[in-house]
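Chain lettering (A, B, C, D and E) follows the sequence in which the chains are written, and residue indices restart at 1 in each chain.
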Amino acid sequence: MVATRRALEQGDIPQASGSTARTKPWTRFRSRFLKQKAGVVAAAFLLLVVIVAAIGPLVAPLDPNEQNLGAILKYPSAEHLLGTDDLGRDVFSRLLFGTRVSLLAAVQATAIGVALGLPLGLIAGYLGGRTDRVIMFVNDAVMSMPGLLLAIAIVGMLGPGLTNAMVAIGIIFAPHILRIVRGSVLEVKEETYIEASRSIGTPLSRIIFQHVLPNVRSPLIVGVSLMAGRAMLNEASLSFLGMGAQYPEASWGAMLGRAFPYVDRAPFLIVFPGITIAVVVLAFNVAGDALRDSLGRETRTNS
Amino acid sequence: MSSLALLVMVSAITFFMILLVPGDPAMTAAGPEATEQQIEETRQRLGLHDNVVVQFGRWILRAISGDLGSSLQGGTSVSQLISERFPVTLGLALTALSLAVIVAVPAAIIAAANRGKTVDRLITLVASAGVAIPTFWLGLMLVVGFSLYTRVLPSSGYSPFWEDPAEWLRYIIMPAVTLAAAPAAEIARQLRGSMIGVLEQDYVRTATAKGLLPRVVLLKHALKNAGVPAMTVIGLQATFLLGGSLIVEQIFGIPGLGALSINAVLQRDIPVIQGAVLVAGIAVLIVNLLVDLSYRTFNPKVR
Amino acid sequence: MSQQPVLEVTGLEVNFAGKKKAFGRAAPIRAVKGVSFSIQPGETLGLVGESGSGKSTVARAVMQLIEPAAGEVLLKGREITALRGKELRVTRRDIQMVFQDPYSSLDPSMLIADSVGEALEVHDGLRGHERDARVAELLELVGLSSHHLERYPYEFSGGQRQRIAIARALALNPAVVVCDEAVSALDVSTQNQIIGLLEGLREKLNVAYLFISHDLAVVRHISDRVAVMYFGHLVEVGEVSQIFERPAHPYTRALLSAIPIADPLRQRSRKTAMLTGEIPDIVNPPSGCPFASRCEFASGMCREQMPEFREHNGSSVACHHPLQT
Amino acid sequence: MTEAKKGNSILLAPAVDILLAPAVESDKAPEPVVSVRDLSVEFATERGWQRVINNVSLDVSPGKILGVVGESGSGKSVTSLAMMRLLPKQGSRIAGGSIHIDGSDMQALNERELSAMRGNRMAMIFQEPMTSLNPAFTIGDQIAETVRKHKGVPKKEAWKRAVQSLDDVGIPNAAGRARRYPHEFSGGMRQRAMIAMAISCQPRVLIADEPTTALDVTIQAQILKLLRSMCEDHGLAMMFITHNMGVVADICDDVAVMYAGEIIEQANIYDTFAAPKHPYTEGLLRAVPRLEGRSELASIPGKTPAPWDMPPGCRFQPRCPYAIDACNTGQLPLRQIGDRTSRCLRAEDLDLKASI
Amino acid sequence: AAAPASNVATDPTAVLRYIYPNAPGTMDPHVVNTAFANVPLFLVFDRLVHVDTAGKAIPGLAESWEYSSDGLKLTLHLRKNVKFQDGDPFNAAAVKANIEHGQTVPASFVKGDLSSIASVTVVDANTVELNLSAPDVGLVLKLSDRAGAMISPKSMASANLNVHPVGAGMYEMNGDYQVGVKFAVKKFDGYWDPSAQKLAGVQMSFMADTTAILNSIKSGGADAGVVREPEIDGAKAAGLQVVEGYDLGFGNILMNPELVPALKDERVRMAVNLAIDRKEIVDGVLFGYGKVTNQPFPEGYFAHSGSAANYAYDPEKAKTLLAEAGFKDGFAMTIDNVPGPGTRINEAMAAQLAKVGIRVTVRQTEAAAASAQYGAKKADALSVRWTGRPDPTSTLSLIFMPGGSNNPSNMASENAIALFNKQKAEADPAKREALLQELSKELVDHPPASNIVLFQSVTATAGTKKVVGLEGYVTGKLEFRGVGMTK
């Protein structure tokens, strides 16, 4: 409905020429974001999670690493709000402590994925030609390798530990980010405003940073929010294989992974971290979607 | 040609990576109870003293002539191992993918057609949740629900399709559902997004103006155009699934490629790893080819 | 004609990669074939023609946005097709472009001040207030006010956006501005305002325009000379009055006679020779005159031999049978 | 234009002929097939429901072409979409009025009846031929689909008819071209394909929203000729939206001029061009660039008011050179002035001219 | 726990569905590289010597045997009228062929076990003499392992021995082994001891995850299978029978004092032993399924020392000892473990050791890397489970003696070395027993540098109530002799 939209925009001329009203990007972003109720709830929840990650150790009722082999796999009680794990540790406290680890894990993996995927995706997409082919060749090669194998190999080389595991996940994610970015760069590249900027004599780096980057923001945000969630899930898988969080650190994924053999005896061990992960990942996705919609192109279609 | 190069590249990366990772193929080949001397003899026998490039060259030359070597664990030929395991993974992957598509496509269409309404919100939320739930958590919950409490389905194991299709289905259905959750969610998200984009296009309005019923407009005119990005996602998911899913195969005791390759990695069984990666690589190439072919039907503009 | 032309194009050819066949190489699409023209300082050359005839491609090649397959582009006497990197960027000061679509030629996520000021930052290193002051000046020049600085493109109407695009093109005092259908998207009244603006600027700054449009009335109004394109070739070039009053090429004449006149009495009483016949396929171009398939005067020679450019009644024309008036 | 000048006297004759035609017919005027009464449309915006179309009424009789002109954003497209009941389901509503097309009350129809109507008894051609055809289907498929839907003919027959209508709109080698995809067509051919699709079921009413804007003049001329002959030969009633006054002059019988969501003037085409009865029409006609020589290009100063910011009284009054105090008070309805209508308070006492 | 099979009427047509966690890479008993393979393999292969549930050698394909007085010759008297599954007779020539096969086949794993045999002499059809290069008292028990598994000589040359083995065992292959997945066997009609064959066949499948195994049994997908400590209670709660076999395996920590110098001091090692609360580990981590011990050989086994003390948990004394040794503030070390059930033991231990100031970094390293790192002297310590060997000599030499692959620091007390060498040459079983017991006591009194024993482990088999005849073997390897199913 191209024609209609344009007409609609023209209907806004008087508003634009009202001389005092300045549209600050932040104000518009906020007003748009606040309109998305689900997004607001998700963001508020994530904020809460971050706070817990920061102050969790202070509010935890018990020492999360205190073992009590005499009281393992105990159902929730007044003393242990969410029960005890297979070494008699307090699940609730570990969950609180795990927040920081899990969040950090997600951030690390995502950061590495973006740090690798974004620049290469921009370069491949914008330059095209031979550079693109070479980058995409390596990218496809990495992508077509089984992810877990890569993870094991990378962790094997770097040594076990959460950070290394997250580096591995980041490396595995990078090709996906790369593809997303490249795809939208290819789209954005064809836009007339890029050509217009080139015709002015704008250097390549500036075109990429000033024009291309802000316009691949939306898909990138969605990709990143999905990835942050994925990272948590993958951390759980790697912890399940012993490559994630190491003793005595608690991560949600590790908690979930080690609760496996006790499904029928202590199902709560699986339920609580499982739900926590699911809810946080969900919040990432929902908030990411809302963020995208609020940051989206400055057009009128979605208001 | 370039696909062949890709396969060689992937094989080479894998080969060198495995050799870089700590862990000695000779040691695992000789077994956990082996003596130093046995390990050394194994090393000699397997030619592990040679330069890595020589080793890789040897492998690739043999691979080209169709000989993938034999497992370091007991000497079964790799091609036999893979020909036993791949059909299992293929069946599982195809079932999971079909499930995902069957669920996701209608859901996405319904959501897109009712954009912004409650149905749409609900479907979007469920889709986000599908991405958020840890795979093995879901698998375990299914086992608890359908095998341990109600005993309607076997908790683990596998029965080949050609022996008894009904039995095969009983074994495959839970793993398939577990595997399908995330791809279904992702396909639904993607398809909904592109459907919404397509529904804004002028030609959709044309179709309505032609007097087509909303259903026809949606299912014929919009869906076909939204197909390309959706196919990309489906293809991506297919390659994931075809690589074999370790966790799901482990939970359900399914003898697929995932289990084979993870064991091979843990045992540094290089020929098997190489074989599995090669198969996964070929699967990726074939899927990409199919996706490309589907682009042609969906979008005549692609060549 | 004594002056050195500010822009001189000779033998410009542009090819696009064609569709790939299942096997074998793609034959290139020859979108522009041997186009030559020149523009004096302060002069406006109108470029008209069939849609798809390669007008935009000429513009983009002149702007060095796509690489021509052959030919030279001399800007202020300097050959620029071979320039790369920084050298090329510096040359761009002198030649700027206004694009057809005012909706897509401004970065939607950038403030107007940044869009217009970009050239100033890149070339003159202006920053902050200094830059904003200059941008405000430019906006005034095109009839907008400085309070529009901190707004986004979506807040503007098409006409306003086109003014912004013009302000951006003028930021560096270019010698030539290429206007590719710069007014086609606007309604008549707004279109007239923009044309008035362009004319005013030409007076003030002595810029030269390469003015591409399929609205012949507008071309007639603004141009000093007119070039007519058909199927990648230039078919006729001449003074504006010459072209409009004594067209020499049959296509030019057909074009002119197809313009509807905004007067029902006169329009309906007009005898218009409707063009018939097929437009040739760009992938398999004919060997002779491309217009032969639609030309009432076409002879056997036309179908076999591409006509050379030659002087005829004061304009240059590529036709075996130029019209006599 | 030398030709026109010298042939003035001779060529006036057919013009007069045409001029007289409607007068003769008006006695036993055929029932209009399109009858829109007091149509109002509102859109949901950040400022609530805004009325963008206000009390629009128009009629089109069989075999006639009604031109609709006006500033961009004045509501031409919205009017036509409302008539087709194609306005977006969310965020828009018809706030009043009635639409009768070929005897059916468009607002009373359900989805199924609407689809039986659309493409069959009424069809529409959109402005953007580049984006209005589905890139995923062949041209032939897209046309045949309409035929099959409405005429219930078998596949083969529908295909034949599709080829036939492509042939009708002058696409060479129609049988072969029908198997092509839109992207393989040039802009002009796409637009012709759109038209072929619209006429494939021989509709009674055709709405064309800027059908030739994207085309160059030679192709435009061909298409206009085609449309004109459709009306004359098949008694098609057409509503033709355009910015190009030359096109209006070429093919329309009547003209409705829209400004800010209202029809401000409607009249026979010759009357309008000879003596507009609204200052906006005058401004519009004067802004049309002339081919003869380098005259000054006129434009209307000021801007269109936004829907929420409409001045009281005449909506054009803030930009109107002839405005008087009375213009900004009270509602100004469309008034009958002879056999034409105008909203201008001073329609009778102003002597407006299309050119200076 | 199991009902003796002979008392119960079994269903001769029943097929047992059994799930086992460790899939062999090949079914060639001389090549397969892990003792876990014995469980599936010995369905098909019979061995020269059998063991009873307590691990004592009892007649198998050899009805009796004797050493020459100098210990350099072992004479085996073979069972008569025994047939391989392909119909060929089992006789002295077959034994000779098998031993030579085991010694020479590429990738032979039993080469080591058979290394003391210099040559084989066929005396008559049912008598063979094994001529030894040096006395080897452990040889008889080694012949109860894969080294003594008899392959039909005809099939030795076959290319698919690895998936379609032919032996003289209770059951013969029914189709090929699908490597790593499953195989089926059916009753071998010519078996010499029909009383051991209570089933019509066995379907053996492999699943690495014991939780999945238990789930499968619980949901009716299998009749029996191996479970680990965490699953035992669950199995019992589900109404399954669980056969707990205390075996020769033990949980232990391998150490390399070269990387952790503190451990070179015997007092420090004693302190570590005292600081570990073994009972808490067994009760808490192993859910009570294990036996607290600090000896490599379990109670009741002939090498077990009855007089050696069981370390009591005594953190105070541990602290004192550490202080004496100059480590008042403790020391730091990293203990690796392979991800899986062992993780918890390592973590529990780390918490216990922390209380006396020993700062343990728990590091999970996948199996291949862990053993390679430890073998390459790059890892301080490794928390593992030893699977046990049929003869004490192997266990002792591999873990406790200099040159053992699990003792990278090559440290051992002189007394221990002397005792070890003495027992190796002692042909008299009784005297050898005494020497081994003395060695066990030496290892308790003077904690070795290479190893800390934590507990004796259990091999548990869970099965439905229909399965009868399941027994726990001290070898940890279930044999299907007499296993059947009720109707």
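In the analysis below, contacts are C-beta pairs under 8 Å (C-beta built on N, C-alpha and C of every residue); 3 or more make two chains touch, one makes a residue touch a chain.
Here the structure is a predicted model, which means the values were calculated and not measured.
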item	value
Pair of chains joined by more contacts [C-beta pairs], A-C or B-E	B-E
Remotest chain, subunit D as reference, centres from CA atoms	E
Gap in Å, rounded to a whole number, between the CA centres of subunit C and subunit A	47
Rounded Å distance between subunit D and subunit E, as computed from the means of their C-alpha atoms	92
Inter-centroid spacing, subunit D versus subunit C (mean Cα positions, whole Å)	30
Distance from the mean Cα position of subunit D to that of subunit A, given in whole angstrom	51
For subunit E, residues contacting two or more additional chains	366, 369
Subunit B: positions in contact with at least two other chains	21-23, 143, 148, 202, 205, 266
Touching two or more other chains - residues of subunit C	158
Residue numbers on subunit A that touch subunit B, as the complex places them	1-2, 38, 137-138, 140-150, 152-153, 156-157, 226, 229-230, 233, 236-237, 240, 253, 256-257, 260, 263-264, 267, 270, 274, 277-282, 284-286, 289, 301
Parts of subunit A lying in touch with subunit E, wherever the complex brings them together	65, 67, 69-70, 72, 86-88, 152, 156, 160, 241-243, 246-248, 258, 260-265
Residues of subunit B touching subunit E in the complex	21-24, 27-39, 42, 45, 71, 73-76, 80-81, 84-85, 143, 147-148, 151, 153-158, 250-253, 255, 259-260, 263, 266-268
Residue ranges of subunit C touching subunit A (in the complex, touch as defined)	60, 63, 65, 88-93, 96-97, 99, 101, 103-110, 114-115, 118-119, 122-123, 145, 147-148, 150-158, 160, 165, 168, 171-172
Subunit B partner contacts - residues on subunit D that touch it in the complex	84, 86, 90, 111-112, 114-120, 123-124, 126, 128, 131-138, 142, 145-146, 149-150, 181, 183, 194, 197
